[in-house]
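Order of writing sets the chain letters: A, B, C, D and E. Residues in each chain are counted from 1.
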Amino acid sequence: MLEIDNLSKHFGGIRAVDGCSFTVPKGSITALIGPNGAGKTTAFNCISRTTEPSAGKVLLEGQRIEHLRPHKITRMGLSRTFQISRNLADMTVLENVICQSRIGGWRDLFKPALGAEEVEKAMEILDFLGITRIAYEDGSNLSYGQKKLMDLAALLMSDPKIILLDEPAGGVNPTLLEEIIGHIQKLNEQGLTVLIVEHNMDLIMRLSHKIVVMAQGKVIADGKPEEVRENPAVLDAYLGGVLEEAA
Amino acid sequence: MSELLHVSNVTAGYGDGPAILDGAELRVEPGKVHCIIGPNGAGKSTLLKAICGMLKVRNGDVLYKGESLKGLRPDQVLRKGICFVPQERALFPKMTVRENMRMGGFSMSDKSGLEKRIDEIEELFPILKERRDQHAGTMSGGQQQTLAMARTMILKPDIVMLDEPSLGLAPKIVQEMFSIMKMMAAEGITILLVEQNALMGLKNSDQGVVLDLGRTLFSGPADDVLRDPRIQDLYLGGKKAA
Amino acid sequence: MADIIQTLILGLALGGVFALMGSGLSLVFGVMRIVNLAHPVLIIAGAYVAYWGFRLYGIDPLMMLPVAIVILAAIGVVLYKLVFEREARSAKYSEMTVLLTFAIAMVVEGALGGFFSNTQRVTSPDYATDAIFIGDVFIPTGQLYAGILSLIIISVLALFLKYSSFGYAIRATTQNREAAELLGVNVNRVALVSFAIGIGLAGAAGCLVSFVFSFFPAKHWEWIAVLMSLVVLGGMGSLLGTVVASFLLSVIAAFVGTYVGATWSTMTFFLALFLILLVRPQGLFGEKPELA
Amino acid sequence: MSLAFNETSNVLQARAEHNEKLARRADRTRATWFPIVLLALLLAVPALQFVGNFNYVIHLILFTACYAVMASGWNILGGFTGYISLGHNVFFCIGGYFAGMLLARFGISTLLTAPLAGLVCAAVGYLIGRITLKTRGPSFIISSLALVMIARILFDNWHFVGGANGVALPANDLSVEWAKLPYYYAFVVLAALTVFISYKIKHSKFGLGLRAISKDEIKAESAGIDTRTYKTLAFAISAAFVGMAGAIWGEYLTYIRPNIFLIILVSVNMVLMCILGGKGTIAGPVIGAILIVAFNEIFVATLGSSEFNILATGLIMALALIFFPLGIVGTLAAKHRLPRFLNWD
Amino acid sequence: ADPLKIGASLPLTGGFSIAGQKHQQGYELCVDLINERGGIMGRQVELLVSDNRSDPATAINQYERFINVDGVEAVYGTFSSRLSFPVASILAKNNMVHPLPAGGALRIYTQGHKNIFYFQPNAAEYVGASLAGIIKDLIPEGETPKTAAVISADDFFANGVWSGLMGEKVMDPADGSLVRDLAPGYLAENNIEVVFSERWPEEGFSDWLNLANQVKRSGAELIIGLTASAEEAVQLTRALKTVRAEPKLVYFSQGTQAEYLEGTGSSAEGVLVHTSWHKDAPFQSTLAGEPFSNSDFVASYQEKFGAVPDEDAAIPFAVCQGIEQAILGAGSTDNEAMGKWLSERTRDEPVRTILGRFNWDELGLPADKPFLMTQWNDGELQFVYPTDEFEGVSALTYPKGSF
């Protein structure tokens, strides 16, 4: 589905992503993990073209996308969330969410902004995430977790084929998180491909089919969850002793 | 029981909007680690903002060592010894890491020891030393969080309030962070933290507080909080928490 | 050859004056995100201070510098207290200030006109219309003094911002007001002082302008666009950028004026701005923005 | 202290109630009848000419309508999309000259050529937008200012259209009391059209996209919005309205000259009207236009003249901005105090 | 009786404010004096002045308000060709007599408006004649300047003077038609070669030293600076001094004002400026039916404003006198009758103002009325040309030499 080939991104002397290659199989939930500053977010930015990669290729369903403008990529069915959530002030949460819904061609442009169907769908999603009460709240007047949830809602609104989640669980209440995991799994079963960055190992282990581990811009391990958790390099670089404890 | 900080029956909200906090209670004991948990949007961050003076307390009072903090500006509260690290990282994106650290000591009246103190802290967080001259805004999410944490240690305050300190940190660093926190507590610094990584937070705390519906629903020893099945169900992610 | 050198000198001479005129603008923007359209009219206010000192007591405009700085800084304090303090927390701050300062510019212009009439003024110390001749080539003394002084003032300011503790506080407040507050910075005072400094610079620039250009209250409209393009070209908020842009553009404008035509020399400023924005939207010394 | 509840379901229910209490509701109080009544009244005003000389009233309404067109047009870029342009009078100028020269050379009234002038401005706007919309925030504002200066110098030196001295246009043959009416109706109708179209835009997907752009372009782009096309399109549309206003205004004045169009006061007026009325709202620009024209008249009439006039205008402007930072419509709406008839959104 | 209302829209603020405010003084002084003398036909005159901020659209607007709301019975013109050009159409449409204090561009008069009357010696295009006259009549042959640098503001009026000097065709850009062919131009007629010419923009020009340096480098013996305001004249003079230019003769089109002297000091010495009025010109006129001389004007102005008047106050005063005489002549404030009366004036039965006599050709331009040329000498603006109009002409200082 998504293929990253020898991707690099340099900021001055810092090699944030350094010749990184991995694939995200269609229909899978793939996790991208690694220590802080490994280059995960930067890799995301390169894939969704919010940052221009220095070198390398990104293929979405066999098509190269690293030269496309971000909205094109989104229209091709790849949507993402931001680690530090970006939301639109002065627009209600509902508008924030609907803003993300897909636009067909030119003619769609002049359709009413908040079509009845869309509102209904958006409200369902908000309800599921437990944030209906802020539907008409200003997008900037939210708590940290609410912002994350709103991002997620917007993502679900866009009917994507593949989603890139950058630390979706950060700051979300565990009880709610359980439900979200369930939902993501359900969507995945319906065919949605997921690439997820998370530091919550419990979630990663339960959710993912495949794990890619990055450190210092490079892929240091790539495989099934069971394999990766045994990998000494990963344990050392990233997990410390946590896994045992959580299990 | 001697309490360092007492939030009594506080009502607060944003602008002229509704009261987000409505009768919040909190007792903070010296030298202990307190962990506040609750669902998203419950008002946890709002509570911390109200304490540190970023938000106006509409009703009730905040007493620190018996003195009211109501109406003080954040910089004044800081000078009383309460240090706050907000959830949206409070860094200066276009200043270097080192300059950010220096800003941490801005309120010190005697700046002679500052550089040395920064050096000491940098030893604890090697990444900061390595990235000394990088602009803070270009650091990764976790690196920024580390910087924000490290910066509070410069002042040696009485109370440190941390809003989700583990957010975005790799598991290994989270562990380190909690051990640093314990170290600080051992030095007599009182810690008040908000955590959505609730299990981890509570396990490393002495006291647990549940905040929901703008009120304090429960407070007591952290172990009690961890063990209560209803709390597990509502706030800790259900059965698997056990 | 002499022509080329002469044109270069004249360009540089004008550049020095523009540098100081632009630097206050740049500072106020850099520190407070205020696009201060009232800056040019405050420069004129500063020029009036020099003018009255010269006319009533025969004081050299350069000697009036400290007086003008103090008076204008005081005006800055008043303006800040009355207008900006309450706005500072508004989310729309930066764009609001464009209009607010426009309004202030009108108020100041009206007040100046009321007090001093709309008659054009200029101070005439001897050096204002003198020149140092080196063979065929001359250096206008008035602009030479103005340029040197302006560079000194700007350097002092830059050092102050970079190294003083207050400079730190200023930069911190600019970048993250809340965070600065949480670290013990009294952000209101910082904003107040830096605004006062910026307006004080307008006073200093006014003294220099008083003998380089003639002025009257409504003259500031002619300067706004020129000064703004310097600041944008240099990179919004970058002092160094403003200085470099001032010299660069003045020199180019001088060459255009000599070899293409006087009509087109003003155009240089705006055209350069446009071209730069095409290839480098952030200006010469600005920070690169996120991908657009 | 023990738990303040027994069953988890209690909390869940309490939470539902709590949420209900805090929830903000959708705002659906729109008064479309008001602008329609207003329009009907305005269309009837010229009948006054039968009972007296109301040329000045007509002039004032016409002038206000002209600015309402420009401010509403500006609002599409500045209000919805968040790109504050101080250079929109360039299109006022281009529209004025394009239609004006057609009138001078071929005698075709600008009332007929105005839409064409609008198209020309849209095209020019599109090209300029392609360049200047790369910048954002203050840099954009200032690049727009530079645009005015460039246009000014070019027009001043373009001798074919009279350079700085401008061109006199033939006046129509109607007698004094009726001479203004064609322009009056043109402006009133154009204003209505502009308001209607901005309403349509605001409530379309396109409008939603523009608003997203005004808040965070990167977010908008990654939400699948083609920001570059959206914003240049917004630029072109708003240029078109301003251009049409310019076309008719030129003939109305019977004189076109660069500094009628290309003075900063014209563009600032557009901006100011929007901000004063409420940027990004539908009624805002219209209300702003009415207020600013009224202020102006009052000052000139009561204070007559002098610097005091400038001072007072500036003062009013500053006070309005300080006390109504979101504009009159915006601020009142935020405080839930907006009188119903002013809510056209 | 009801007061007789007269309206004037003036640029009291903005680019033309200096001249605009003096125009206000001129109008006010005249109206006050008329009222002291019992008004016009027993009616007190009420002057309405509005500030148009130097903006043409506002100027039009204000004249319409005078006519439609305030119900004025006559109007006074505004300052500058820029503003007068559009105002002329509006006043023509409303059938008002339009007396212009300052609107020298030929094109204003060739549009075919009736009832338009210019209250200055002649159109801008003919100003150069006086300069040419000085060179021909006052400077010994052999010493006349042979080369000229002509620099000019891109201003309506200045462009007119330029056309006359350089012998350009004046065109109407509206239809591309020829208004007047001025070839070969006053300079060519006098065998003066133009070695440098340049225009600077109407607003925002700051590169004076560079311009002055080029003028100096051209080695021109005659410097013609077609400045649009006193401010520009000051800037230009100071720049020429700084670069140490040493021409034989210097002429500016603005610079009679006290502000000019203040800004330039002794550098003003020897600079020629044309003017429509001079304080020493011994013109006799009438006001409220009584004789009123130019020196009376100077005296009453000094009494009221505490300063010596300059032409910017005198010209509007003359406009006011002209309208007063028109009303008396027509016997009413019927503008058509007033216009008819004014256009029927002849050289022998002129309108008499402190600028001298006025009668107009069919365009509305004064017939047979040369400009006055003045020169700054010993810190005083002295009247030097023409020499045969009246007494008290000072000698021309020539050559000028350094600034």
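One rule holds in what follows: a residue touches a chain if its C-beta (ideal position, glycine included) is under 8 Å from a C-beta of that chain, and two chains touch if they have at least 3 such contacts.
To keep track of the chains, here are their UniProt names: A, B = LIV-I protein F; C = Branched-chain amino acid ABC transporter permease; D = Amino acid ABC transporter permease.
Fair warning: this is a prediction, and the values are worked out from it, not measured in the lab.
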- Which number of steps is the smallest that gets you from subunit A over to subunit B via touching chains? 1
- With centres defined as the mean of Cα atoms, the chain at greatest distance from subunit D is chain B
- State the pair with the higher C-beta contact count; candidates are B-D and C-E. C-E
- Distance between the CA centroids of subunit A and subunit C (whole Å) is 46
- Task: Let me have the rounded angstrom distance from the C-alpha centre of subunit D over to the C-alpha centre of subunit E, please.
- Result: 40
- Query: Distance from the CA centroid of subunit A to that of subunit E, rounded to the nearest Å?
  - Reply: 74
- In whole angstrom, what separates the CA-based centres of subunit B and subunit C? 43
- Spell out, as numbers or ranges, the residues of subunit B touching 2 or more other chains. 39, 233-234
- subunit E, residues touching no fewer than two other chains: 12-13, 154, 201, 203-204
- Task: Enumerate the residues of subunit C that touch no fewer than two other chains.
- Result: 113, 118, 221, 225, 263, 266, 290-291
- Can you name the residues of subunit E that touch subunit C in the complex? 12-15, 17-18, 21, 151, 154, 198-201, 203-207, 209-211, 213-214, 217, 229-231, 234-235, 238, 241-244, 259, 262-265, 267, 403
- Message: Show me the residue ranges of subunit D that touch subunit E in the complex, using the header's touch definition.
- Response: 53-56, 59, 63, 104-105, 149, 152-153, 156-157, 159-171, 176, 179, 253-255, 257, 259-260, 263, 265, 300-301, 304-307, 309-310
- What part of subunit E is in contact with subunit D in the complex they form? 10, 12-13, 24, 48-51, 53, 55-57, 60-62, 64-65, 67-69, 81-82, 85-86, 89-90, 93-95, 105, 107, 111, 154-156, 159, 172-176, 201-204
- Note on the structure: In the complex, subunit D touches subunit C at residues 84, 86, 131-132, 134-139, 141-143, 145-150, 153, 156-157, 217-218, 227, 264, 268, 271-272, 275, 306-315, 317-318, 321-322, 325-326
- Query: Where on subunit A does subunit B make contact in their complex?
  - Reply: 11, 14, 34-42, 83-84, 130-131, 134, 141-146, 148-149, 167, 170-178, 199-201, 238-243
